[in-house]
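These notes open a run of structures that come right after.
Two complexes, one shared chain (subunit A), two partners (subunit B, subunit C).
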Partner chain A sequence: MDGFSGLLHGFGVALTWHHILLMVIGVLLGILVGVLPGLGAPNGVSLLLPLTFTMDPVAAIILLTSMYWGALFGGSTTSILFNIPGEPSSVATTFDGYPMAQNGRATEALSFAFLSAGFGAIVGVLLITALSGWVTQFALKFSSPEFFGVYFLAFASFVGLSGAPPLKAAVSIALGFSLAAVGMDSVSGSLRLTFGFDVLLAGISFLVAVIGLFGIGELILTIEDGLKLDGIRAKITPRDVLRTAMQMPKHWATLLRSSIVGCWMGITPGGPTAASFMSYGLAKRFSAYRANFGKGEPDGVIAPETADHSAGTSAMLPMMALGLPGSATAAVMLGGLMIWGLNPGPMLFVERPDFVWGLIASMYLGNVVAVVLVLATVPLFASILRIPFAIIGPLIVVVCFIGAYTIAGRPFDLWLALAFGVLGYAFKKLDYPIAPLILAMVIGDKAEDAFRQSMIMSKGSLAIFWSNPLVTSLMLLGLVLLFWPLLGALRQRLRPSRA
Partner chain B sequence: MTRRLGMALGFLAAGMAGAAAQGWQPTKPIEFVVTSSPGGGTDNFTRMIQSIIMKYKLIDQPIVVSNKGGGSGAEGYLVSKTAAGDPYKVIFGTNNAYLLPYVAKLGYKFSDLTPVAALALDEFLLWVKADAPYKTAKDYVEAVKAKPETYKMGGSQSKDTDQTLTSILSTVTGAKFIYVPFQGGGAVGTQLAGGHVNSHTNNPNESIGQWKAGQVRPLCVFSPARLPAGPKVTETAGWADIPTCKEAGIPVERFQMPRTVWLPAGTPPGAAQFYEGVLKKVSETPEWQEYITRTVQTGQFLSGDSLKAFVANDDKLSREVFEREGWIVK
Partner chain C sequence: MVARWQAELGMAALLAVIGIVTIIGALEYGVGWSPSGPEPGAFPFYMGIIVLLASVANGLRAALPLLRPGLWAGQAFLKPEQMRLVLGFTLPILGLVVASLMLGLYVGMALYLFGTLVLQNRYPVIKAGLIALTTPFLAYLLIERVFKVAMLKGPLEAFLGL
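And now, the complex of A and B:
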């Protein structure tokens, strides 16, 4: 069964009251776990997993995926309102979403985020529908050198333009790399940088770092700026939501580019977090209002959100077709698939078309349900900003620490979050960029593994990165993006001489 | 703590005269610690047991599953140290429970664990890409011997079962591979299907989908006897059609990975027996049989002396490899 007929069959499976009710429940639960930093989609889904043991697989996967969509939307909410990313993949949303909220444009920022997220998700599902037969072949072309190429591309597209002094960006990246290296090294199987402390065995959770660097660091800054005791006065009407929706078509270029980046990263699979960073970097590079990025530029919200969601949805395809999870949440669902008695892999499409196409159809419906539900709650969420800081500040601290504790249930993570809070404060005071550190923490480890696996394969020859057209074009594209600022400067210098 | 436990035990003994013979009973929620991340083989093993216990109400208390897969699972086994004597922490793993402390300097020793039971043995097979020219395992090994250190063997981690088996294979046959560690059996499977490595030693469950789809095919199984015949996996072949490696001319008699359950050391007397009893019942349910058949493992319930003997033997075999490869940390 292929493409269109499969999809129609899928809608037949997914469109029952029972399933739609499950979607609504899943999305609402998801928004809840997404709003709480640290809890996040992977934890939420694994908490819900035991409940699905007795359900039929289609209903179970609809519940879990709907929760995933809800969590992705919820994660953007806190990024924009409090500068605390509820999900790792919504870190990039804070860069412009939070300044927008600070300037009294919270409703606009939230609506932009949700609408572009919905757009990204739908593009992702359309892609899955169209490519379901072909993508498995493409994904099989990826080995360690190609993966390194993808991560290199993500780094290059983001780093070349961070705007900060190159040396400071390098310090930030180096710190991120070393933090990512803590724990068991999967290539050599030995422990690194744990200094004999058992608590460091599992490595430093990226989420704890994010909660500290953003949430707590931001609070310390706010307190230093003098306690502004009243909240932001923002008039919120449901009409604002509608007005923002009307503006969406103007951002078609960003939407399109970010969807492509997202789908690419979801399928390859580089993951939604890398996708959102990369897409933000590209949006900044191609924008006419580049100077406005980081100060509340709508494109800076639209780009990461679109990419995040299109990556999140398209990551379901490698999960089903190859048993290769493209995100942490997909990994949890993969476990679910096996418990329900399904074998993920190329044959899943042939053996259980009702499951596969039911899931794909539910992704269309689930995302529409999710967008409607979250848009309806925008005024509610945005009005949180009107609560005075004296009340909301302590609440944020509590939520941050609960979040940090929930990740792994380790008291040590609380101290770590506090330490990262201080680090985040210092970074901002000394004008060091935080984003490169986060990026290095997220994909530094994977990039390193991919590089070393490639080196083992080629017995130490770098030529492996030029060994086939795919990896060569990835590396070339990465190099071009990395040196883009230099090329730009060169062009400017050449132009007067030609005249 | 112990007094409260004693009191609880007293209550139970008074309340349930019939159950008095069973001794220790749980009186609060139990945590199942998984020594792998979500989605891995150990995770499936644990959650399957949890779902069977829930279905048949084998334990009256709620069960929470938590994943502590950091440091190749060491994070989970460390619970035995941090929660020493706590009978409400049940640890689920493999043979890495006793092998990990050899290869990494960790905060726990094997003696910090109380063995409860092993429920299954996961099998290892030698897989190659479906269109590879080798008919038999012997053919493949000869090809590798002809060109040492050019053939790539993919594995799911470093210094774990896959690399140990690769090392044994090299020593026994003289074929030298390049071992490339990836993250997990799923990733390794995809690498072989894409032709980026030449072979791997995945468990049946990790590669059944790709075998069915005609992307990879097994050459032999590292088991003393052929796998049980089930429904055909591909058009022409089923698990029982795969020769044992010994039949195929590779003198490796047996290499299997036990799926094990542990408690911290120093738990109250009777706690280990309680869980052993529950797990025994789990292993006799049709759902468990279905899981074993579907994942093509060998269902074998080991506890007490049989478990000790298995561990001692497995430990000796692996230790020899670790010493030869120089993996042991001082």
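And now, the complex of A and C:
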């Protein structure tokens, strides 16, 4: 099924009252987790996922993706009104959003943020609609070595490009793969890395890891900062929104550039956070009002928001077509797909077109619903943040542990959630990146299978990864990215000696 | 005060140990070649090696500047007042886990909420009690009634026949 007819079919699947209701619920829950400190999109989706195990996969993915969109919007709200990014990807929004709010332009800043975020999201979905058929055709030619090549490329780009110290990124990734290997091995049936502990037989759930690393770890960090919430009040009237919307076309260059940056970073696993920073930097460089950046320049809100959302949506493309998530939240959803019994990857488009196109269609609708809802409910959600953290904090802790237990009903997971929480706190403070660890835990088995299948095909020779132009270029590109920091250091060392 | 280099070194050491444990665990299942492909331990074995080697390198990077004083100077990982805040938040969570495992999650969360609100934040007893009692009740309605998922229960629930 190609783009257009697929999309029409998808709208047929997505446009039911049941699904639209789920979108509304998902978006509202998403705004809530986006607004609350310690609960972000990856963590919110992880908490909700166990409750969808019994749902129909189409309904479940609509609920979860809508929550994702809502969380992205919620994160921007707190960035602008409280100078507290609800999500790492909305840090860049604080640079100009909060000053705008301080100058009495809170409504304008929020409207700019939501409208440009909506624009970015729609560009992302359009891209998915246009490219998914083509990517799938391409990916159907893949066999095990190519899939391993794609995984290798993704993780190499984390080491080389994520901005985290490369050796620490490498530790995170390898640790994630090791954790994924704990428990029953799906190929041989052996019980790996359990050391005789029965509680480890079923493995370590990536959901518990997300709840600990992102949720509890984030809360401890928040506490450490000695949180002072001093928000700016904003009331949004339809007329204000309309007035801001009329100004949007003036910012077409920023919108377009940021969408391109966002889509690129979403499809290659750079993720929304890197996209928003990069886009902010570019907007500043190209702006005629460069000196105004950081003091409340609308372009400084539009750029990171557009990129953040286009990256968030376009990250769904590699997730569905290649089984390779472009962000931590997409990784959690990918894990969900597998739990619902779906097989992410190119065959998903062939076997379950209703699911894939229903999801894509729901992304159009969900984002429109999200923009409308977030504009309508901002004052309400902002007032939640005025509840003292002394109450909110322990309540979020309780929600996290309820979530950790509902994943599998295992008491041991409570200990794991706490351990991951402390680890996540320390990792964040010491610049160990967390997203690649989650990605590695989710696709650990698939990557390992791809490696083992390749080895079986080649009877143990690594040469199979150089056996055709496609896999060779994937591996070469991966190696270049992997050693990119080393090349950079080498260049730096050579330069002074020449001078 | 915990200095940054101490934290870096401690984390590197912990991760190196995890790497070694992974390698030992992988060796149990063979890391070589079998007639049906790579043995089950092979993949975790190499991952353990990456964790170990990269952590040793990270540890050295943390420790070497000590020979040249001044490089890490003054970089704190945790200042004393931060430490108090962090422990004050984390230790009650430990209490929540222990209490929940013994008494079930509902009772555990009620005790935890009441404890943190009253003892730590000097919240009025009646208000705190209200929050501590309504939260488990709402959780029960949402989790067990709406979503029909069983929660970790203890002696109180058994006594009430839930």
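The rule is short, and it goes like this: the second predicted complex is superposed on the first by the 273 of 499 C-alpha atoms of A that agree within 3 Å, B and C clash if a C-alpha of one lies under 4 Å from a C-alpha of the other, contacts with A are read in each partner's own complex, and residues count from 1 in each chain.
To be clear about the criterion, a contact is a pair of C-beta atoms (placed from the backbone, for glycine too) under 8 Å apart; a residue touches a chain by one contact, two chains touch by 3 or more.
What you see is a predicted model; the values in this text were computed from it and never measured.
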item	value
Touching partner for A:50 - first (subunit B), second (subunit C), both, neither	both
Subunit B versus subunit C as contact partner of A:187, first or second or both or neither	both
Touched partner set for A:456, first subunit B, second subunit C, both or neither	both
Partner chain in contact with A:174 - subunit B first, subunit C second, else both or neither	second
First (subunit B), second (subunit C), both or neither touched by A:397	second
Touching partner for A:332 - first (subunit B), second (subunit C), both, neither	first
Touching partner for A:409 - first (subunit B), second (subunit C), both, neither	both
Contacts of A:216 with subunit B and subunit C, given as first, second, both or neither	second
Touching partner for A:343 - first (subunit B), second (subunit C), both, neither	first
Subunit B and subunit C footprints on subunit A, overlapping residues	50, 54, 185, 187-188, 190, 409, 453, 456
In the complex with subunit C, residue positions of subunit A that touch it	50-51, 54, 165, 167-168, 170-171, 173-175, 177-178, 181, 185, 187-188, 190, 192-195, 216, 219-220, 223-224, 226, 388, 390-391, 393-395, 397-398, 401-402, 405-406, 409, 411, 414-415, 418, 421-422, 425-427, 429-430, 432, 448, 451-453, 455-456, 460
Contact set on subunit A toward subunit B in their complex	42, 46, 49-50, 53-54, 139-144, 183-191, 196, 198, 201-203, 322-325, 331-332, 334-335, 338-339, 341, 343-348, 408-409, 449, 453, 456-457, 459
Subunit A-facing residues of subunit C, complex	7-8, 11, 15, 18-19, 21-22, 25-26, 29, 33, 36-41, 43-44, 47-48, 50-51, 54-55, 57-58, 61, 77-78, 82, 85-86, 88-90, 92-94, 96-97, 100-101, 105, 109, 112-113, 116-117, 120-121, 123, 131, 135, 139, 143, 147-152
Complex contacts: residues of subunit B adjacent to subunit A	37-40, 43-44, 47-48, 50-51, 54-55, 65-72, 74-75, 78, 81, 103-107, 149, 152, 157-160, 163, 178-183, 186-187, 189-191, 193-196, 205, 208-210, 212-213, 215, 290, 294, 327, 329
